[in-house]
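Below are structures written as structure tokens.
Note that subunit A is present in both complexes that follow, paired respectively with subunit B and with subunit C.
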Partner chain A sequence: MRYDCIIIGAGVAGLTAGIRCAKEGLHTAIISSGMSALHFSSGSIDLLGYRDNAVVYKPFEAIDQLTGTIAQHPYTKCGKPLIIEALLFFKQECEQQGLFLFDNGNLNHFHVTTLGTLKPTYFSQRSVFNEDVYSRFKAMKKIVIINFEGYRDFHPQLAAAQLSKHSLFANCEIVAKQIEMPQLQDDGKYPHEFRSIDIARIFEKEANIEKIADLIRLAAKDADFVVMPAVMGITNFNQIHNKLQSRTRLLVYEVPTLPPSILGMRIDNALKSRFAELGGVYIAGDKVVRADITDDVVNAIYTNSHPENPMEAQCYILSTGSFFSGGLVSEFDNMYEPIFKLKLHHEPERNKWYNQNFFHRDSHAFLQYGVLTDESLRPYDSNNNIIQNLYCSGAIMAHYNPIKEGCGSGVAISTGYKAAGQIINLLKRMS
Partner chain B sequence: MKTLEAEVIVIGGGATGCGVLRDCTLRGIDAILIEKNDIASGTTGRNHGLLHSGARYAVRDLESATECIKENRILKKIAWHCIEPTGGLFVTLPEDDPNYHNRLLEACRFAGIDAKEISVKKALSIEPNCNPNILSAIWVPDGTIDPFRLTSANILDSIERGAHVFTHTQVERIMLKQNQVIGVQCYDKTAGEYLEIYAPIIVNASGVWGQHICKTAGIELKMFPSKGSMVIIDYRINNVVVNRCRVPSDGDIIVPGDTVSLIGTTSRKIPYDTIDELVVDDDEIDVLLSDGEKLIPNVSRARVLRAYCGVRPLIAVSGEMDGRDISRGVVLIDHKERDNVQGLITIAGGKLMTYRLMAEMTTDLIAKKLGNSKRCLTYKIPLPGSEKRVGYTKKIKYFSGIPNSVVGSTHYRHGERVHNILSLKKRNYGLICECEMVTLGEVEYAIKNLKVNDIVDLRRRTRIGMGPCQGELCAYRAAGLFTEFGDFTPDESTKLLMDFLEERFKGVKPVLWGDGLREFEFTYWIYQGLFGLGLVEDNNT
Partner chain C sequence: MIKLENISFDHCIKCTVCTIYCPVARVTHLYPGPKQSGPDTERLRIKNPELLDVSLKYCSNCKRCEIACPSDVKIADIIQTAKWRYSKKELRIRDFLLSRTDLMGTFGTLFSAIVNFFTHLGMVKYFLDVIFKIPSGRTFPNYASGTFTKWFKSVRKYQDNYADKVIYFHGCYVNYNYPQLGKDVVKVVNALGKGVIITKEKCCGVPLIANGYIKKAQSHGRHNIKVLSSALPDDKTKIVSASSSCTLALKHEYPNLLELDNSPIINNITYITQFILEEFEKGNILRLKPLSYTVAYHSPCHLERMGSAAFTIELLRKIPALTVKILHSECCGISGTYGFKNEYYGISQSVGNELFRIIDEAKPDFVVTDCETCKWQIEMNTKYKVIHPISLLAEAIE
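Presenting the complex of A and B:
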């Protein structure tokens, strides 16, 4: 089987690239080794939240500055017009699957975290931040933050205390409430098995929604606004959200929780479904282990399950993520990219990889390590030659710190979109 | 200012100080203990957790070896829930002096340690991961001991018998009236207040920090701090303690403990003024891993979880010497004899193994000074948790309905006190820390009963956050429970969470590669990326 394009890795970067390629009619496969970082994410799409430790309010202006100063940054390689195009593309493709994203035009907006801090982001799901919330944010008098008894991955009292410190809520009463959901207790399960997914499944049963809505209403009767952990279902979340709001006659709003992230799973589902709908081939649970390269061209790749059968394509995209996802590997005295043995940007001495404190203001150096690429996102091999038909996207790329800059998803979307565009153009020229 | 009175003040909440407190309390002496951080947070909690048979000292220090084997037998009775009697091996590598084997056997015989030569084949069947090229092997009654549990049990028993304990309280100075001590001035860091405690007898059991304590009374006492570093392997790769059969040196012991194994230790002399800022050096890690590799091949390829170090409290009686050369024997100083200061006693040197004996010697001296004629009972009265020994299977049956793994872990950590912790309410046994099977009930019990001031203390009582993920999810879960079960505001709980992650990172960063780096990236992603925890202080301003 020969593809036009094989994408290794199914995170935001790989799926964005896959959708774009498939939409152009390319015969596209994505190989996924497991759950992507979306399952651990906030479910909001951060574009550029911080520059030099200061909050960014106008991300596109900040991107202009950044691309003017940091030549190696993935955003510089993409350029602002392409980033804007990529974001719009991503938003529309998600909408195709019924996942609506809120944005604030030229501005970042702030979503409330598990802990009650406010974080700048660009897209949020409608149940997380929407026009209603936006317009009433400053006039709120009472916010109730609720949790469900037995769920250990959200502490409303910590969130309430943190949120109330913010000047936006200076005149607002913020209280924490626990709700006992009978469904949670009667399941016959051990309570330590309750994770966000278990509660989301309770929400997904239509018969439960009204009962839960009434409990929320009871706990938050005089509030303007209810904040709850993000467990409003994985698939039919729009209906659940609407029903909860109409029955409680309150604004109900989700905040991300400890993993697994229901919000992230919704995006993951939407992107995967969209890719399948466009005719893409999704290969789950297999891992690419090596590649066959001659004269700077990748001929084939081999996977764990099929170590002898090559998978071939005209072009390849590498979007295997950073260390956490296995895209980069570190050892006692070494770092490498395991599939193609690409040239990396990193310090050789391991004591340079980190800073002295966990919460050091300069974050940690290893988060910026990764694969070096040219302007078209093609990587270099260990002999400093560009590999002609391989493109990189997402967290495997060097020269940006997704957490410190608050730009992980934005870079993934932009570079995934750009990598796909490069391949589309190349194949067009060839035919 | 708050003032208190007692017969005895014990300074230092390590094993020795807590042992003295308990011994006093059992003899009806009214005692107060003061610790500047948490109990077992100094040298006590920073060793390899070896229940010595004494064999490691037998060749060079017969006295220490004899003390070890005696205490080994006592501790197995009074503190069985803190101990795993795994047994241990001394193996000779091809590069080692083959004669040491016989010298060790002979020395053990003198010290009364039941050491026996076993065949290489037998040794490898006991410890299949051991280097197959060993030339000879000796079996000894080594084991493992949990220093946190042991110290905590001493404290718990003392408190239940009426003693008072102040943790996170710093002694500012010893107060004197002419040549007689009359008490201490201290600062309670948690409450943010000063207090004065009056007593005619003060025991300086603050280990290497004792030099400073003595100085506040105008006494010079010279310590020679020697740093020992260890690395923790994230799997229990050995069944029994594996020692190298040679003169003790760096990287020659691997101790299994709970869910992990430890490679120990290095020995480096350090300046006294650095004892509060110890760091593990990169080259120490290199030595420990490469020498550990000789005992158990491939150990360095297993995931390394943490590295940490402690400081040995050695008092040199004459001249400066190398850390390993100074006797680890017990030093009991009556400062009335030495410095003409009445009522002050320093107990130092020794080892975790001999904490009870050291406490007995100290309390004998206290009793003599007070005219108390009661005899020491600590060698026979079991510690809380070790009251009676009931098997795992019986406990599982008793708590049927609660998952076996939860009952097993709680019983393993708290012995008979499992009955004060577990209940059939579902909420009680909901898991907070999956790695170490720590339940909500155990956290509640610890916060309410075991002198827990923060998540770091909680870790020492329950093992929360000590497993493979190093507090990735449980740190947040536990933080919230401090608001529920303790006297903490939500803001304080959030601060505890930050402090805990910083504390865990200290041990993670020297070994930040491989899966450890992946795990850290994930943890950082959650707490900084998802939570914005590092922004909390920015947010406040």
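Presenting the complex of A and C:
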């Protein structure tokens, strides 16, 4: 089939690009082989959290500094004005689907992690950051951290112990509580495995909310803040949050859990619905396996399910992520980009790929590896020629470290937005 | 012995994403979900088949877990294989009858008036419920009064007028229950300037697989590969099917589940909407008259698994004046013969509820979908008539 633009990979990068293309009226398809990193993420959008191992409070100033010094960084290729435009675009598109993202203006804010540490980030959902949370944080006296009995992916005692170490909470009492869920399930049986998704489904049944709210109120009546694992539903989370807060008369705050991440899935859901609403074609569960390239132009791509039937477009975006999602593949002594065999930035010797100390502050070198691109995000093939109608975005790109710099989704949004912009301009010029 | 290519369970990173998207696990905790029933317990079953957990029978083989898995684990294949490899098969007349679509079809079409009359009778439904454990709430599809193949004899000669040919795998449903769809396919293919060939096909095997009759499914598969490949005049000729599940079987289940070599036909098998679109792109375009309907399109699970729903959507958008509302992708719950069994009937209905709700919300003139069992399920549970995209296209041909 023929499209204006085909995007490979439906993570934050691919979906941002897809929405922008579809919105411009391009006939756009996204093809993705499995669910993206959003299902494992915090659901907060990190822009730039750390520089030189220090926390960044003013991300845009830090971006200015970064773009002035690291020529190859994806942020440098985007430039600050475009990054700001891309963030606003992302926020507005999510809002269209009822997913509200909050920021702290020019500043980063912090979200509480599963382990009770604080992490700098830029956008968070309402249940994680909003004006109320911000203004009351400083004055609070008591926090109750709640878990649901049988849920083993969150440890309130651990989170409480860690959180109380922080100077911000020096004058605050932090208590861990466990709530026994009533037998709320339809068939009166607990699930075999009790994961975030199982609890989210209990929350999604409207009839259960009042009962749960009353239990929370009982456990945390004199608290300023109730902290709970993020399980308040995937689709009707706004109502659930409002209902919980109004019935408990408490500020209810969500903490990202171990995967599957309900907070991340809300974003996934919002972006995919938005893309479909704009007329985009989403092809799930098929994997792009090879491409047909002549004279540095991609003619067609081929998938697992349709190995002989080309999918054709004027332009393509590669947003297949990094090693974790299969965008990059490593073998014992080499690594490669499997679809187009693009030129990679990486060290040849395996022992340089990683740090002996798993939790080292400098993180791991392999996280910096990825495809090399020019200023307009077009990659190089193995003969060092630029592929003319292919653009790269997101975690597949080289020269940044999403963990160490705390900039994963920020880079994905900016580069996805830019790649789409390049294509929109190019096709406009051609017609 | 474990075959090296069958260790995809080892790629599982335990992320639980599959279980999130499993429509059965969503509605009942009797089923622990694809992660646990698939990759988690497969390693136990390999060690000791006695460790088989019977709850995996709840899997309806919709394959939504495989679409979601970020690690390419063939979860549904693992579960289907485990069902027949490790469980002791107790023969059930019901499962036998439900899975022998061709046998039942031959009988049903011969005596269609009588069979249709009886299967809709309350008393008979009660007996089906008590004796065969077939839910009495379920509406049965009607059998046609003559088969598609019988009708096709009347137009076979005419097909010789076309130099270019297409092989049509019609499947049991078209043959016994709904020959009109087959007639529409012939009309559309002829309008594209191509003749239709049909072969002495057998049931593709999907209901046999679902009911654990793997040997039988394998023999059907071998037969189909043989007749289809020997009917191919050259390797460019397409084998089309208008049933998403038949297409999935021929393409995917034969090699992956039944361990059959379908290489002589795999590159020829094409889902019909894809075939038509490719013809359009070659410049062989059908002149279509406007159809001013509003339709709601439901993409069947098995079509999604093949990444082919986009073809149907694209084709529908080519019909002038047609308003297409794409429904959010949800399982209808019937999953072939699954929804025809008492023990799964409730689950099947709960799974479908979300889809029925969004159909009602869309307020279409009618629903369009590619799958025959989805059609039964939706017609039984909503007030809307369900039409195959090819029938719609046939209507639009001038």
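Here, the second predicted complex is superposed on the first by the 421 of 431 C-alpha atoms of A that agree within 3 Å, B and C clash if a C-alpha of one lies under 4 Å from a C-alpha of the other, contacts with A are read in each partner's own complex, and residues count from 1 in each chain.
We take it that a residue touches a chain if its C-beta (ideal position, glycine included) is under 8 Å from a C-beta of that chain, and two chains touch if they have at least 3 such contacts.
Keep in mind that this is a model prediction, so the values were computed, not measured.
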{"item": "When subunit B and subunit C are modelled together on subunit A, clash or fit", "value": "fit"}
{"item": "Touching partner for A:Pro307 - first (subunit B), second (subunit C), both, neither", "value": "second"}
{"item": "First, second, both or neither for A:Ser322, with subunit B first and subunit C second", "value": "first"}
{"item": "Partner chain in contact with A:Pro259 - subunit B first, subunit C second, else both or neither", "value": "both"}
{"item": "Dominant toucher of subunit A (residue count), subunit B or subunit C", "value": "B"}
{"item": "Subunit B versus subunit C as contact partner of A:Val133, first or second or both or neither", "value": "neither"}
{"item": "Touched partner set for A:Phe40, first subunit B, second subunit C, both or neither", "value": "both"}
{"item": "Lowest C-alpha to C-alpha distance for subunit C against subunit B (Å)", "value": "5"}
{"item": "Intersection of the subunit A residues that touch subunit B with those that touch subunit C", "value": "40, 185, 190-192, 259, 326"}
{"item": "Residue ranges of subunit A touching subunit B (in the complex, touch as defined)", "value": "37, 40-42, 113-115, 117-119, 149-150, 152-153, 155, 157-158, 160-162, 165-166, 185, 190-192, 194, 256, 258-259, 322-324, 326, 329-332, 350-351, 353-354, 356-359, 361, 363-364, 366-367, 402-403, 408"}
{"item": "Footprint of subunit A on subunit B - complex, ascending", "value": "282, 289, 300, 403, 426-427, 429-432, 434, 439-440, 473, 476-477, 479-480, 483, 489-491, 493-494, 498, 501-502, 504-505, 509, 512-514, 517-518, 521-522, 524-536, 539-540"}
{"item": "Subunit C to subunit A touching residues, read off their complex", "value": "15-17, 19-21, 26-30, 32-33, 35-36, 66-72, 251-252, 267, 270, 274, 277-278, 281, 304-311, 313-314, 326, 328-329"}
{"item": "Subunit A - residues contacting subunit C, complex", "value": "1-2, 29, 31, 33-36, 39-40, 185-187, 189-193, 195, 197, 201, 259-260, 265, 273, 276, 281-287, 303-309, 325-326"}
